[in-house]
Amino acid sequence: MEVLRYLYHHPHVTVNYVGAGTSAGQPIGSALPAFFGIYSEDIEPIDLQRIAEKADVAILCLPSGKSAAVAQALLQLGVRVIDVGGDLRLGAYDAYLHYYGKEAPLTQEAYEALIGARTFGLSEYAKEALRTAELVADPGCYPTAALLALLPLVEAGLVQPGGVIIDAASGVTGSGAKPTPATHYVTVDENYAPYKVGQHQHQPEIEEQLQRYGDVGKVTFVTHLLPAQRGILETIHVALRMPVSARELRSLYDRAYADAPFVRLLPEDVWPNLRAVAGTNLCDLNFTVDAQLQRATLFVSIDNLGKGAAGQAVQNLNLMYGFDEACGLTFLPSV
Amino acid sequence: MEVLRYLYHHPHVTVNYVGAGTSAGQPIGSALPAFFGIYSEDIEPIDLQRIAEKADVAILCLPSGKSAAVAQALLQLGVRVIDVGGDLRLGAYDAYLHYYGKEAPLTQEAYEALIGARTFGLSEYAKEALRTAELVADPGCYPTAALLALLPLVEAGLVQPGGVIIDAASGVTGSGAKPTPATHYVTVDENYAPYKVGQHQHQPEIEEQLQRYGDVGKVTFVTHLLPAQRGILETIHVALRMPVSARELRSLYDRAYADAPFVRLLPEDVWPNLRAVAGTNLCDLNFTVDAQLQRATLFVSIDNLGKGAAGQAVQNLNLMYGFDEACGLTFLPSV
Amino acid sequence: MEVLRYLYHHPHVTVNYVGAGTSAGQPIGSALPAFFGIYSEDIEPIDLQRIAEKADVAILCLPSGKSAAVAQALLQLGVRVIDVGGDLRLGAYDAYLHYYGKEAPLTQEAYEALIGARTFGLSEYAKEALRTAELVADPGCYPTAALLALLPLVEAGLVQPGGVIIDAASGVTGSGAKPTPATHYVTVDENYAPYKVGQHQHQPEIEEQLQRYGDVGKVTFVTHLLPAQRGILETIHVALRMPVSARELRSLYDRAYADAPFVRLLPEDVWPNLRAVAGTNLCDLNFTVDAQLQRATLFVSIDNLGKGAAGQAVQNLNLMYGFDEACGLTFLPSV
Amino acid sequence: MEVLRYLYHHPHVTVNYVGAGTSAGQPIGSALPAFFGIYSEDIEPIDLQRIAEKADVAILCLPSGKSAAVAQALLQLGVRVIDVGGDLRLGAYDAYLHYYGKEAPLTQEAYEALIGARTFGLSEYAKEALRTAELVADPGCYPTAALLALLPLVEAGLVQPGGVIIDAASGVTGSGAKPTPATHYVTVDENYAPYKVGQHQHQPEIEEQLQRYGDVGKVTFVTHLLPAQRGILETIHVALRMPVSARELRSLYDRAYADAPFVRLLPEDVWPNLRAVAGTNLCDLNFTVDAQLQRATLFVSIDNLGKGAAGQAVQNLNLMYGFDEACGLTFLPSV
C-alpha cells in the first residue's frame, strides 16, 4: 500500500500491475478502502509470466519465506527485482535457514547463488552497485536506521569490537498487518515493552553488514514496541576506540552524508523523533559524546514504512534507472 | 479479569473458583500476566457440578450464545447466577434468535421460561427484584448508560415517541479480546468511525427496556469506535413532549438518583468524560435544554468494563445478598 | 505549516514570502523542525507593503480577531486574499461581534463592506464566484463537513426546519497549537468528551449557510474532542420533509458531486472514518435512511487541516487562478 | 491527586488536611473533577501551623525548589515529613544548587543539615531507617526503577565501573501537569524522542545512590518521552566484572526481593511492560545475560505515579508507623 502511495506521484514510473494473494480479483479501492476512487484498477492474482510481460522491474512485498523463489523466477524471466521482504538479506545460509527459511527453504546452492547475485540495497552505501543491479535486497527497517547511524563511525575505525548497544523502538506497523494478541489495540495502547529479546532476525543482518566495513563484533540489540503507528527511533551506544570530540564526529557525519538528500544531521541539541520523518523517506541523526566514558550515543529515526521499506525501494528504483535519487520521494512530514 | 479485580478487595466475597475454556489448567498469573504473583490459583476447566459444590453465586462472562445453557444448568443445581453476557437480555424470542441464538439457540419454550424467571439487572431500577433474584441478566454496556440517562425522563412522560437519538462512542475493550482487523492497533489508533450501523444488538435491548417505562417507540442508535481502551460516552437527543426548563430537569435527576451512590449528576457546564469514570462503577450525567427546539441533549459516561460490566455485576451481587450496595466498589478514578 | 506542505509540490505556485509574528527572523526549519533542511528560507515579520510587492495572493492563517484588518489592508494594496481564519465567515454583524470581534472589532460599516465583498469559500458551491473573487473567507472545519453533507438535501427541499442534529468529533489540531489544560496530553489521551456545548462559533456559520439554500431553521450542534491528531467525523440526523429511499438519496449525492474530485460517496455499508482522509483534501460521505422514523443519518469525514483548512485554501486558489481544481492536492491518505 | 487516591482506602490513615496554592478555597471535587461527589472537603491554603495541629505526618508534593523550606519548618513543628518532590534527594550541595536550588536555594549549612537528617526513601533498602525517620526524601521515579534493578548486582560486586547504560522511557505524567509545548497532545501523540539528553536531574541521584553500595562510577542515562499517560520502562545494560549465569542472576534477585511484596521477578522470557504495573505500587523485573559479551541487560517497569511517587510515599508511611508494608496499596493493575 505504501509503495503505491509513493509511486502515485512518480513522474517516470507507471504501475502496470498490482498482484496479491487473498485479495486478488478485488478493485484496489475495495481491498484498501482509503484508495477508493483513486486507484480503480483490480488487484490481479500473482502470475509471474504476466509480470514479465508488463513490467521492467518488480517490487516484492511478500511475507518471509515467500519472496526468494519469486525473485529467482522473475530474474530468469528478465525482470529486475527489488525485494522489500526479508528472504535475501542475510549472507550466511545458516542464519537464513534459522530466521527465514522455515517455510520454503532454498537449497544452500540456490540460496548462495541468489545472494552472490544480489545487491544489499542500503541506498546511501550502494549507489554504484544499484545502477546495474538485477536483484536488490532492501535492508530491514531496524538495520536501515542502525547502519546509517553507525557506518560513518565504523568506516573511520572508531568502534570498539563488542562495543555497540542498540536500544530500538518501533511503531506497530513494523509488526505486520495480521491481527494477533500482540497487535490488538488493547495490548499496545498505553503500553511499552521489549519483545523478541535476543531473537530478532535483524540482529544478524546488522552484524553482518557492519562487519563489511570494519571489525565490530557482536552487537547487543533490543527491540521495543511503541504505542504508535509508524516510526523507528534507535538510541545507540558506542564504545569508542580512541577519544573523539563532538566537533570531529559532526564533521565525520557531514562528510559522510554530504550528498545524501534524505539523511539529515540535526543541529546540536535537536533530537530525532518519529513525527519529523513520518510519511517520508527521511532519516534524522544526532549524537552526544561522553569524553570521560569514551562513549558516543547516537540517535537515529526513520519511518519504518518509508526509508525502512517503501521509500527506500523507490529510492533504489531511482538509482537503478538513473533517475534523480529523490524523484517521487519529496513528501514533507505531515507532523 | 475485571470481575476478579473488583472482587479482590470485597470484604464479604471469597473467590472459590475461576473457570475458563482454553486457558484452563494454567495459573491465573500466566493467563493474565498482570496478576502474576497476586492471584496464584489455577484456572479450572468449566465443571458445573464443581461450581455448585463450591459457590453460592456464579458470575458468567461467556461469549454470546454460550451462557444461556450454562445459566439454566446452574439454576437447576441451586446456584444463583449473574450473567454478564448477552444471551438473556432480550425479552422477545425473535430478537434473541436474530442477535444471540445463532450458535446454540434455546427452544422458544426454554428461552421464555428463562426470561420469565430472570431479573434485568440495571441495579438502580431493580433493587427490590434483585434481593430475591435467582437469575440476573446484566444489561449491555451501551444500554446501561442510555437507560440511566433516559429513564427519569421516560418515567416523567417527557419523551416524544420516536424522538430519541443516541450517538454513542466506546473504547475498544467493548469489542472483545479477540484479535480481528477491526481491533488491530493500526486500524483503531488515530481513527474514529461508526460501526454496526443499524445492526447493533443493543438497540432492541434499549427499546424494550425503555418501553417498560413509557411509550418511547423506535430509537435511532449509532455506535462509534474510539481510539481508547475503555469508556462509553453517549450524546442523547430527546424530543420533549412539553416544555421543560433546565431547572426542572435538574430536579428530576436529583430526585431519581438521590439514593444512587454511583450516579453523579455533574454541576452545570461540567460535562461527562471517559477518564472521570475509568476503572470505576460510576455513571456521570449532565444535559442541556433547547427551549426553542423543545429538545434536551443528555450526556452520560460510564466505564464499559465497570458500570457496563464487572462493576454492575458486583453491585448486583451486593443487592442480592443484602450487602451495602457500594461494597468493594469504591475505587477512585485513576485519571 | 500545513499550507506550506500542500504548496511544496504545487506546479504553478511559488512561495515568495512566509510571515509570522513571534517566530519572525528564524529559518522555517527552526520554527518548524520537521522542515529542517527542506524549507531553508527565513520567516519574515509581517509587513503588508512587502507582501504586496512579492505576492499576487496571500493566504492568511491568523488567530481570530486578527485577520479582518489585515485582509482589508491587503485588498487595498491589490493583493487577493484567502482567509483561513474565522473573522469573515459570518454575515451577521452581531454574531461576528459575539464570536470574533472581541479583540479588534471592525465597525459595522467596515465589517459589512468586507462581508459584502467576500466570497464564502466552500469550493464545491462557489466555483463561479471564486474565479473573480478578491477576498475569500474559507469555511470553518466543522461547517465544511456539515455543509458538504447537508446541502444536497437542503437544495432538494428534503430537510424539515428544526430537524437537523449534528454530533461532531474532532482531533486536537482543531483546538489550536497553544498549550492549555484542554490540550495537555494527559487531559486528551484515553478520553472523549463534549466541549463548548451550545457555545461553538461554528453553529451560526452552519445555520447561516444552510439558510442560503433552504429553510432549515435552528440546528442542534454538539462538538466532542477525540484523542487523535487530525480529522473530523460528523454524524448528522435529519428529519425528512417527505419519504425518501436510500436509492434516491444515493442518486442525489451522485449528481451533486459528479464533478467534485475530492468528495467521495462511499459504497453502501462502508463508513467514513478519519484515517481514510488524513493528510488529504478528501471528504468522505455516506448515509442511512430510516423509513419508519422518516429520518436520514449522514456520516461525513474530512481532515480538519486538509479540506477543513489548508487543502481547501489551495483548492480555492486553484479555482481563483483557473488552474486544475486538484492541482497540488492529489496526496494519498497515509493510512 | 494520586496520593489521595491511594489513601482513600487506607485503613489506618485519615486525611485531615489537603492544602494547595492556586486551587485553595475550592472543594476537592472542583479542582479535581473526577473526585466530584467523593472527596467533598475543601482544599485549604498552605498553613504550616494548621498542618502541625491537624497532622502527625505530611506528604509534600511540591514543585522543585519549594519543598525544602516547607519540610524544614514542619520538622521544627514536630511533624514527620515525606517529601515526594526533588529538593532533598541529592547529597551533594553543588548538584542540589544546579538542579533544584535555583528558585529558593538553602544555604549550604541549612541544606547539609537537612540532608544529614533525611532518610533516602527507597522503601526496599531503607526499612530500618524509615521506622524512626522524621524526614524522608522519596527517590525520583527513574531512580526508583534503576536502583531496584541495579542494586542487587552492585551489592554482589558484579558491576564494572563505568559499565552501566540506562535507556529509560516515561509516560507524560512524568513531565508535570503544566501545559507546555512539550506536553501538548499534538507534540506527544504518535511520537517518541529523547529529551534532556545529558541534563536530567535524576542522573546524579542514580550515581550517588549506586555509589553507596559499590564502585559504579559514571552512568550513561538517556530519557525518552512515550505517547502514554503513565509508566516507566528502563532497559539497562551492565558490563559485568566476572562471568555470571542467568541462573545465578535469577537466584540473586530472588534472594534480594524475597520479602519485598511489590517487586516481581517475572518468569523467564516474560518482559516487564507499563500496563502490568499501571495504577499500582508494583515493580516488575527481568533480565538477559550475554555470556560472550559478559553483559547483562535488565528490564524494569514501574508506574511513575505509583511506586515512582504516591505509592512509595504510602509504603514509606506504612514503614514509618509500623503498619503492614502493603497496607492500602494492594490495587490490582487495571490492564
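Going in written order, the chains are labelled A, B, C and D, and every chain counts its residues from 1.
Definition applied: contacts are C-beta pairs under 8 Å (C-beta built on N, C-alpha and C of every residue); 3 or more make two chains touch, one makes a residue touch a chain.
What you see is a predicted model, and the numbers here were worked out from it, not measured in a lab.
Asker: Quick check: more C-beta contact pairs at A-D or at A-B?
Answerer: Looking at A-D and A-B side by side, A-D shows more C-beta contacts.
Asker: Looking at CA centres, what chain is most distant from chain A?
Answerer: The most distant chain relative to chain A turns out to be B.
Asker: Using mean CA coordinates as chain centres, what's the chain A-chain B distance in Å?
Answerer: Roughly 47 Å separates the two chain centres.
Asker: How many angstrom lie between the centres of chain A and chain C, each centre taken as the mean Cα position?
Answerer: Roughly 38 Å separates the two chain centres.
Asker: If you average the Cα atoms of chain A and of chain D to get two centres, how far apart are those centres in Å?
Answerer: Distance between chain centres, rounded to whole Å: 39 Å.
Asker: Identify all positions of chain D at which a residue touches two or more other chains, and write them in rising order.
Answerer: Correct list: 189-190, 227-229, 275, 278.
Asker: Tell me, which parts of chain D touch chain A in their complex?
Answerer: Within the complex, chain D contacts chain A at residues 162, 165, 167, 169, 171, 190-195, 197-198, 218, 220, 222, 224, 226-231, 233, 235, 237, 269, 271-275, 278, 288, 290, 292-293, 295, 297, 299, 301.
Asker: So in the complex, which bits of chain D are touching chain B?
Answerer: For chain D paired with chain B, touching residues are 1-2, 4-5, 8-9, 30, 32-38, 189-190, 264, 266-267, 270, 275-279, 330, 332-335.
Asker: Please give the residue numbers of chain D that touch chain C in the complex, ascending.
Answerer: Answer in residue numbers: 172-173, 177, 179-181, 183-190, 227-229.
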